[in-house]
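Chain lettering (A, B and C) follows the sequence in which the chains are written, and residue indices restart at 1 in each chain.
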Amino acid sequence: MKRLEFLGLAPLIIFMGIFLGLPLTAIVRFSFLNSEGDFTLQNFATITSGIYLDAFLLSTKLSLASAAISLILGFAFAYSLVNTRVPLVKRLISTASGVLANTGGVPLAFMFIAVLGTYGALTTWLKNLGIDIYGGTWTLYSFSGILIVYLYFQIPLMILISIPVLENIKPEWRAAAETLGSNALNFWRKVLLPILFPQLLGIFLLLFANSFAAYATAAALTSGSLALVPVQIASLIGSNVQVDGANIAMALGMGMVILVGITTVGYALLEKRSSRWRH
Amino acid sequence: MSRVILEKVSKQYGKTSALSDFSLEIPEGLLVTLLGPSGCGKTTALKILAGLIRANSGKVYFDSIDVTNLPPAARDIGMVFQAYSLFPNMTARKNVEFGLETRGVARPEIKKRVDDIFEVIGLEEHQEKYPHQLSGGQQQRIALARAIVIRPRLLLLDEPLSALDAQVRDQLREEIRRVQREFNITTLFVTHDQEEAMSISDRVGVMFRGALLQVAPPQEVYQSPINSTVARFVGNMNEIPAIVSGNSVAVLGMTLRLDDKSSFSSNSKKRVALIRPEDLEIVQPNHMGAVGKISGISFLGPLSIVEVELTSRTVVRVAKPSQSISHLVRGQQIAVVTTAERILVGD
Amino acid sequence: MAPLRMISVTLRLGTILIGLLFFAIPIYASSIFAFRESDGSFSAQPISSALENHELVRSFFLTMQIAFGTVLLTLLLLIPTIAYLHFVIPGARAWVEFLTLTPLVIPPIVQGVGFLYSMPTSLKSTPHALIFAYTVLALPFSYRAIDSAFSSIDVRTLFNAASSLGANFMTVVSKILIPNVAAGIFAAIFLTIALVLGEFAYASLLLWDTFPTVLAVAGMSNASTAVALSILSLIGVWLILSALSAFNRRSRGLIVSGV
């Protein structure tokens, strides 16, 4: 009779089967086909070369950079936040982080066009000070420009994730280290960082996956001019020019799923391992 | 080992005073316990001794050296916490070595001392285990080892047994006392459990609301409490309505001498006599004592508690050896007298 | 104060200050961009022109409709399932939670492509089909919110206690179960609305005129309006999240990655 009990989960499973399972199946299926419907591995060959390989590399580069920078900066912010004695500041920054982490990429992109775009408020202000940030080759839509915008949803995400992690650090560890004669640096090196390392690594992977999968920000900002993987996928679907376009897009999608999948599993495993220690 | 003195220490948090004009001496090699309910300031006092908190005023001396402004690392102390003492990323052994390493002790010496201490606490086979693989009692013993192996001038224990199971608590309590005696370490022990305080301390300091009420050996605190607050907090007390006139107390149908060491305010009309259960006796309801009915008998092993409801509706508890009350039953009419010579009186 | 303490306090204050600037500068600068006229004065013209933009207004209402539908479908699907899970087969909870996390592994853009190539035309011809897609997207977060609310109460014990006191099923559900999980349900509702308000990938792939997609297009012709609306979007989400934290005393780091 045990099996029958699981029938109660049928609605959820059926729903997910249809609206997640079917799309996923389509992705897998079409990635192995060409536009005529024949089986082929060509799509995978295509995505691992030329412009698509470049797109993977660019996405990876952007994601590594945004993940690394937001890991460090976000952690530093969160650390000062957790230790602050003014609860109002903590609440303000937490909510602000929540906003930036949870709003779609479109408002974020426009906000930055308004700040650092060619006629942005900050650009103009700096110009009045004599600094022309557009004087050289830099634009908001270059790699570093996009990186800055990405940081604006990555860092808040990092802050949000870090707060519970930091609050789990027992004050007794620090007190014990102090009474045993250790200074702050030693404590960080020998106790705190080793404890936090697995979690931080996992969070890095999460940030990487989050950045890699992001589409709206890049789309709104560059209208498809920066060749990131999600943007490539969208343009392949949108255009009718590319032969086997849809199939290539599917293959790209598969690539993304595998990449994001591996990093998410990595995050989950590291989380599990570090929680064992903490109890 | 040091003689430790807290002199007129005060600590405020906003408008609340955690400690007011607190002075305490911990003689060399003795175990002094601070006993009191939550929020009485005992942990604050301990943390000020450790240097983890700064007092607003007052001084701390280790052997006549003023350490008030020294950080914890410079005070040469060992500390055991209620929970989470050990570093989770290090094995038991590495935890114990930590303090020695930060002090730059030579490797061979570290090995010797750590080997010895593990033998003393009897956890040699668990040295390479991580904290999450050890039981609560084992973790606290290792925390103790870690604190002692550095040969501190002062050992501080912040409710180390509170998070443990009853049986483990008793064992560990004895072990702490044993180790403390063996190494002759000046120790401050903080707890809210009076049984703990009584059983292992050389001196007990009873605290209440930021003030130290009485510091004395356990027996003295129990038998000669300095005021009714201490009397009520330590051990069990019966509170029986009494009438005070001059030097005498009329209670339980008897007239007794007032304990001249007790303090009480003279405004209130109502008085209660504070009498320990073991200072009460059950007799035939003939001429002496207060008449009442037995409302319950609780068997506690060697002792039993006989609950008596007096005609005045007061309920008293009488402690008697279990063997001596086999003739008593519920509902029986008896009388209660006191065998105390001096009576403590409170409000 | 010891010099070391002063350094660490300064560092901490400095970091917090930088953090506050981090959030404040873009909002401030973009507000200036959007609302300042060429003569230096401020006007609400971008907002009024937004309201006059019929396409924009229409898309907003469409998005709100879709949001409403998504919330409804989510609650209808999840509340009975989770209640059932906690009451009948609590052992399966870990597996179901794992299952609901799978949409996170497939980026919305990829899901959108798959949707496009697997769903029947009937579904693809109405924007309201996004309701199904968004329910899936929101699943990891809405499930967690409601599940943790149910976890914080012992469903079985409460149910047994109430039943033994004579309450019937409906009474137990309405008077005991729902009030205790209300916080989680509200969290799920708000999170879902925030997600729908910002979702771009799916909608643009399927070529529907939802608020985010129309906003993106509008931005190319009328930057001020787009920026003004973006700022309002951010404020809107901020209000939603504040309402959320008012209900939730212990938030578990509510995270939606719908960018």
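Observations on the model:
Quick note on the criterion: contacts are C-beta pairs under 8 Å (C-beta built on N, C-alpha and C of every residue); 3 or more make two chains touch, one makes a residue touch a chain.
None of the values given here were measured: they were computed from a predicted structure.
Within the contact network of the assembly, the step distance from chain B to chain C comes to 2.
Note on interfaces A-C and A-B: more C-beta pairs are in contact across A-C.
With chains reduced to the mean position of their C-alpha atoms, the one farthest from chain C is B.
Separating the CA-averaged centres of chain B and chain C is a span of 53 Å.
Our note on geometry: chain A versus chain C, Cα centroid distance of 17 Å, whole angstroms. For this pair, chain A with chain B, the centres built from the Cα atoms lie 54 Å apart. For chain B, the set of residues touching two or more other chains reads 71.
Residue ranges on chain A touching chain C, taken from their complex, read 5-6, 8-9, 11-13, 15-16, 18-20, 22-27, 30, 76-77, 79-81, 83-84, 89, 91-96, 98-115, 117, 119-122, 125, 152-153, 155, 157, 160-161, 163-164, 184, 210, 212-217, 219-220, 223, 230, 233-234, 237, 246, 249-250, 253, 256-257, 260-261, 264.
Within the complex, the chain C residues that touch chain A are 4, 8, 11-13, 15-16, 18-20, 22-23, 25-27, 29-30, 32-34, 77-78, 80-81, 84-85, 88-89, 92, 96, 99-100, 102-111, 113-119, 132-133, 135-136, 139, 191, 194-195, 197-201, 204-205, 212, 215-216, 219-220, 223, 226-227, 229-231, 233-234, 237-238, 241-242, 245, 252-259. Those residues of chain B whose C-beta lies close enough to touch chain A in the complex are 50-52, 71-73, 75-79, 81, 83-90, 98-99, 102-103, 130, 132, 143, 146-147, 150, 156.
Chain A meets chain B in the complex at residues 170, 172-173, 175-183, 186, 190-191, 194-195, 276-279.
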